[in-house]
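Both complexes below contain chain A, partnered by chain B and then by chain C.
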Partner chain A sequence: MKKTAKVLSLFLILFTCFGVTVAGQNKKADKDTRNWVYEIEPVGVGTQGSYLIKVWSYSKKPIVAIEQAKKNAVHGIIFKGFTGIQGVPGQRPLTNNPNLEVEQAEFFKNFFAEGGKYMKFVNITNDGSVAAEDRLKIGKEFKIGVVVSVNVAGLRKDLEDAGILRGLNSGF
Partner chain B sequence: MKELKNIIIVFFALMVSLSAFSQAKKPTIMVVPSDNWCVKNNFMTVYDNMGTRMKIPDYRAALQESTELLNVISKINEMMTERGFPLKNLESVMKTLQSQSAEDAMLTSKTGADANESPIDKLKKVAKADIIMQLTWSVNQTGPKRSITFNLQGLDAYTDKQIAGASGTGQPSFSAELPVLLEEAVLAHIDNFNAQLQKHFDDLFANGREVSLRVMTFSSFNGDLESEYDGKELSEIIETWVSDNSVKGRFSLTDATENTMLFEQVRIPLYDASNRAVDTRGWARDLQKMLADRYRITAKLMTRGLGQAQLVIGEK
Partner chain C sequence: MVLFSGLYAQNPTGKVNTKYLRPSITMLFSQPKDADEEVVISKFRNLEVNSKFDNHRIDYPDMKPIEPLNLQKNALIEKYVRGASNPVIAKWWGRDANGSFNYSLVAERGSYTATDADAIISRGSNTSRIEMIGEQLIDKSYILLYEITDLYSMEEYYDRQDALNRKLKNYTPVKRTDEGYNCDYKVYAYKINFNDSVASEFYSRYWVDPKNPDKQKVAAWADATFPVKLIALTGGSVRSAQSKEKSLNTKKKTMRELLEDIPANIQNNAVFELGRRIEDFKLKVTVFKAYPVSAKLGTKEDLYIDQRFYVYEIEQDKSGNQKTNRKGVVRVKTINDNKQVATGSSLPSVFQQVDGGRIYQGMFMESKEDYGLILNIGKNGSSNNAMEGFNIGADFRISRFLKKPGWHLGIDASLRSMKDVYAGDIGTSTRYLISSSELCSGSTYAIAVNLSKESYFTRKGNVYLRPQFGVGLQSYSFKEVGGYEIASDNKDYSWSSLYVPIGIGIGWNITPMFSLEMKPGVFARFAASTDNKEKLIQSAAPVIDNWGFGSIGKMNVGTTNTICLRIRF
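Entry: the complex of A and B
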């Protein structure tokens, strides 16, 4: 009985430690997103209303980087935009207000929360499998490139409806 | 009870009219193939202009014969409608002009009178929009590979400025068909084009609409723009009025002679003092009224769309 209690306690401690580590990694990943520590490059011209992009995210755990790629993709398309490659033009960010993230901090805090609304507009292609050349070890961290598709038309419409972005026809 | 009902009706009418006034006049946009594209694809027509052979684009033939052009225009129209900004369709505008022209020719009153139409009215009967989206593409062939170079320019019809643009060459492909490559080009460039268009609209809301005003004189006018009224030359009176009535006094007087004045880059407010939407006609009409009320000068006002006005002094 005493032995079972010991094993259970050990298991609980290990489980809590793992949870704390993952939560810590997630927190760090969120901080990286806010600090623009990610890179975006186009992969090809997406289907109508969507962008097909590769997001490079950083984390000690590849799984965290893969998951954070979705958040980074939406964040980048709203605030950062991306430069083009041969044959695929870059795109400007959805907002041309450089202070939007600060001005609407409360909205974006909820929008980018764990399981937040951003999830609705992004899909990981190839079930999240990462090509060998897109998994790089830099120091203690991994730099992981994940190809995602972002429903830009839906994202823009949602932000316009919420009054965060101005529509092309607003004011007329 | 009846009184309360009346108050509610008046209140709602007021709300509706106020909301209508608070909307600025929306510019119209139309996609048109560029002259360059029309020349390269042999959609030009030649006419004799008093001994000089003039080549002009034949849009009707282009739309009837080029399926690619129709598809590209259709795709752009579709994507702009999705953004809440439906465009004027070139083909429909041309058909409407044709049917209107036929109807006007047959129009008579019960007593047999024809509809009035001056030579200027006839000249103005062309397909027009406030912003032209000028479209050009060319197909590049390298061995078996093909790619599309695509160029979309947003041109302000009144200031002649390019207010938006997107261009580039797509990825070469061995197998993709031309319509697929063209669709890809539209999808790749339309968002960048719209981002610049949005910037133009933001500027318009912040600094007023950019328009041009041309002042001329009829030969029947007793005097010219250098004639003095209350110790000031007429041109000076007009220039002062434009300065006082433009946003932050922003305008350029490009040409000024005794017979003509050309004001460009004039920023006019989007709304008047009663919050009513203003276009160049409404704005220039105030100048026309000022000249009539203060100096007993009659002038004829003509406009083109939202952004170009012409005031001819002397008579109407």
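Entry: the complex of A and C
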């Protein structure tokens, strides 16, 4: 009986430690996301209704930066846009209201939550590994570039349906 | 054998080049000077290039021989190669009889060199990424100019050896055991510069297609050449020979067949040497998964078992300048057949880490080929003093031929001197040699040929096990017995026996080049005989028998323990 109690206690401690670790990682990821520290560059002209972009995210752990890439990509398309390169035109953000994120804070909190709706509109476009040239160590942290495809048409429609963005023909 | 090589700096940008874009190879030749060279060059012309390159064969006349002492030699070679740049670029763009260009070959080669990641990104894009890759490949066009500097038969080789040896005091003619040829060669590796500005000029001055005909541009093409740069120069000597004894050859070749074997040997040596020196020839890839370490390279890149790669972390400073920091060393363990156009789902090849720290997915891998030669220097201890001493050896990697990782064929030797030792009563069936009251001095050696396999059981591969077995010869040579000096050619006092060593090395890879190894083992030594082929008989063993004389006439066993430094080349 005593032995069983000891084993159970050990498991309890292990589970607690594991929980703290995972929570810590998510917290760090969320912190990076809240700061929205990322850069976007075009990779090519996306297929109909989509953008093909590379999102550079920063984190001390590459895996965290990769996880945040999708979220950063959708955030960037809505709020930042990106400048063009040769053969690929730049794109303006979906909103030109600089205060939209604050005004609709509750909506975007849920939208960008872990497993949130943003995931519907973005896909990682690689063979399962970040390319070597997209995994850079800068000081003590990593700068990770992930190529993603963002379904801009679907994203715009969803935000319009939710009343976050005005429709393209609503202003006339 | 490589005589010399040169290297010129490449890639001065601050970014690390992480992509392997298949270079294309155009082989050109210096005009043959005689019939034998004609055979070699004819065979060479039709040789396929290594599969990690694209064969960019053109129809172009051979270079006229240039005297070695001609001060203008380099300029003349460059002029010749520059002339060849015209048909090279014409082939890239599929120039037809009307002078029109097309994208067929560029697109085809672009598709073949594209990686899984390229294929996946291309599917998500409206622009042709693959065609863009194809255009980048033109800037990876290399012209290899092969020059045979000397081609001579083995008879000529022996004549030259004898001529050299005649200057020595004790001249004896060399044994003329082999027949065949030796060939000395040089390879000049030139790169055609087809960067953005050259490409832009090409399009504006020469581009013609069926929709955009232009007679002036077609005419201008006749004088078009493109900038070339000597990137590396290597040379060496190869031999294609066989024993004159028919019984020693599995298949007796004709002299012409021996000549025709030379081009493949030259090409293998040249590609290996240039592959170590030309940045574009080094395989580059991303670590696809870690543990087991895998990467998307394979037969298309001519990967071979135990080929060495370094794994790097790319570090970037605040100015955006990048540098590589080595994190580990891996060797090819299994090879995937990827000789097809990438679709996005090709399987990776698997690598075994053999040195360094933890490797992560996304790190950068680059080939750093070694010669597969390991030198061992150390000390060998044994229960039998005659088996121990200063230890020296060499292992040659044979895994590439066996297609199994870790296998080496080696030679191991231990040497020791012997001073004032009692050997007991030893003789042969016909005569007495040493009595138990006589002190003996001389030397011993044990030399064995062995087969071993380096095996790794840890993820980082810093530690390895190397089981080995072999067969060898253990020998005693006496200089003095009972106060009497023994002549060095006295065969009665030179004894030897066969032995079979078995051991297991436990090694620690300190760096990619140096390893420390401890190798405990056992041996079985068989009865010894004199160099006169007389069996030795021990009639009274010495009281203290540290040198194995007590069991000289029969099979005996013992233990060994070797500690050595292994230096990998």
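The rule we apply is simple: the second predicted complex is superposed on the first by the 139 of 172 C-alpha atoms of A that agree within 3 Å, B and C clash if a C-alpha of one lies under 4 Å from a C-alpha of the other, contacts with A are read in each partner's own complex, and residues count from 1 in each chain.
The rule we apply is simple: a residue touches a chain if its C-beta (ideal position, glycine included) is under 8 Å from a C-beta of that chain, and two chains touch if they have at least 3 such contacts.
Just so we're clear, the structure is a prediction, and the values are computed from it rather than from any experiment.
**Q** Based on the superposed arrangement, let me know which partner A:E133 touches: chain B (first), chain C (second), both, or neither?
**A** So A:E133 only meets chain C here.
**Q** With both complexes overlaid on chain A, does A:R92 touch chain B (first), chain C (second), both or neither?
**A** In the superposed model, A:R92 contacts chain B only, not chain C.
**Q** Between chain B and chain C, whom does A:N110 touch in the aligned arrangement: first, second, both, or neither?
**A** Neither partner.
**Q** Is it chain B or chain C that touches the larger share of residues in chain A?
**A** Touching more of chain A: C.
**Q** Taking the superposition on A as described, I'd like to know which of chain B and chain C A:V152 touches: first, second, both or neither.
**A** first
**Q** Taking the superposition as given, does A:G46 touch the first partner, chain B, the second, chain C, both, or neither?
**A** So A:G46 meets both chain B and chain C here.
**Q** Check the residue A:R166 against both partner chains and state whether it touches chain B (first), chain C (second), both, or neither.
**A** After superposition on chain A, A:R166 lies in contact with chain B alone.
**Q** For A:G84, decide between first (touching chain B), second (touching chain C), both and neither.
**A** first
**Q** For chain A, what residues appear in both contact lists, the one with chain B and the one with chain C?
**A** 44-48, 87-88
**Q** Please name which positions on chain B make contact with chain A in the complex.
**A** For chain B paired with chain A, touching residues are 23-27, 79, 82-85, 147, 166, 168-172, 184, 187-189, 191-192, 194-195, 197-199, 201-202, 205.
**Q** Contact residues on chain A for chain C in the complex?
**A** That would be residues 43-48, 50, 52, 62, 87-88, 123, 125-138, 143-144, 147, 149 of chain A.
**Q** How about chain A: which of its residues touch chain B in the complex?
**A** Interface residues on the chain A side: 44-49, 84, 86-89, 91-92, 96, 152-153, 166-169, 171-172.
**Q** Tell me, which parts of chain C touch chain A in their complex?
**A** Per the touch definition, chain C meets chain A at residues 15-16, 18-19, 115-117, 120-122, 124-127, 129, 284-289, 296, 313-318, 322, 325, 344-345, 360-365.
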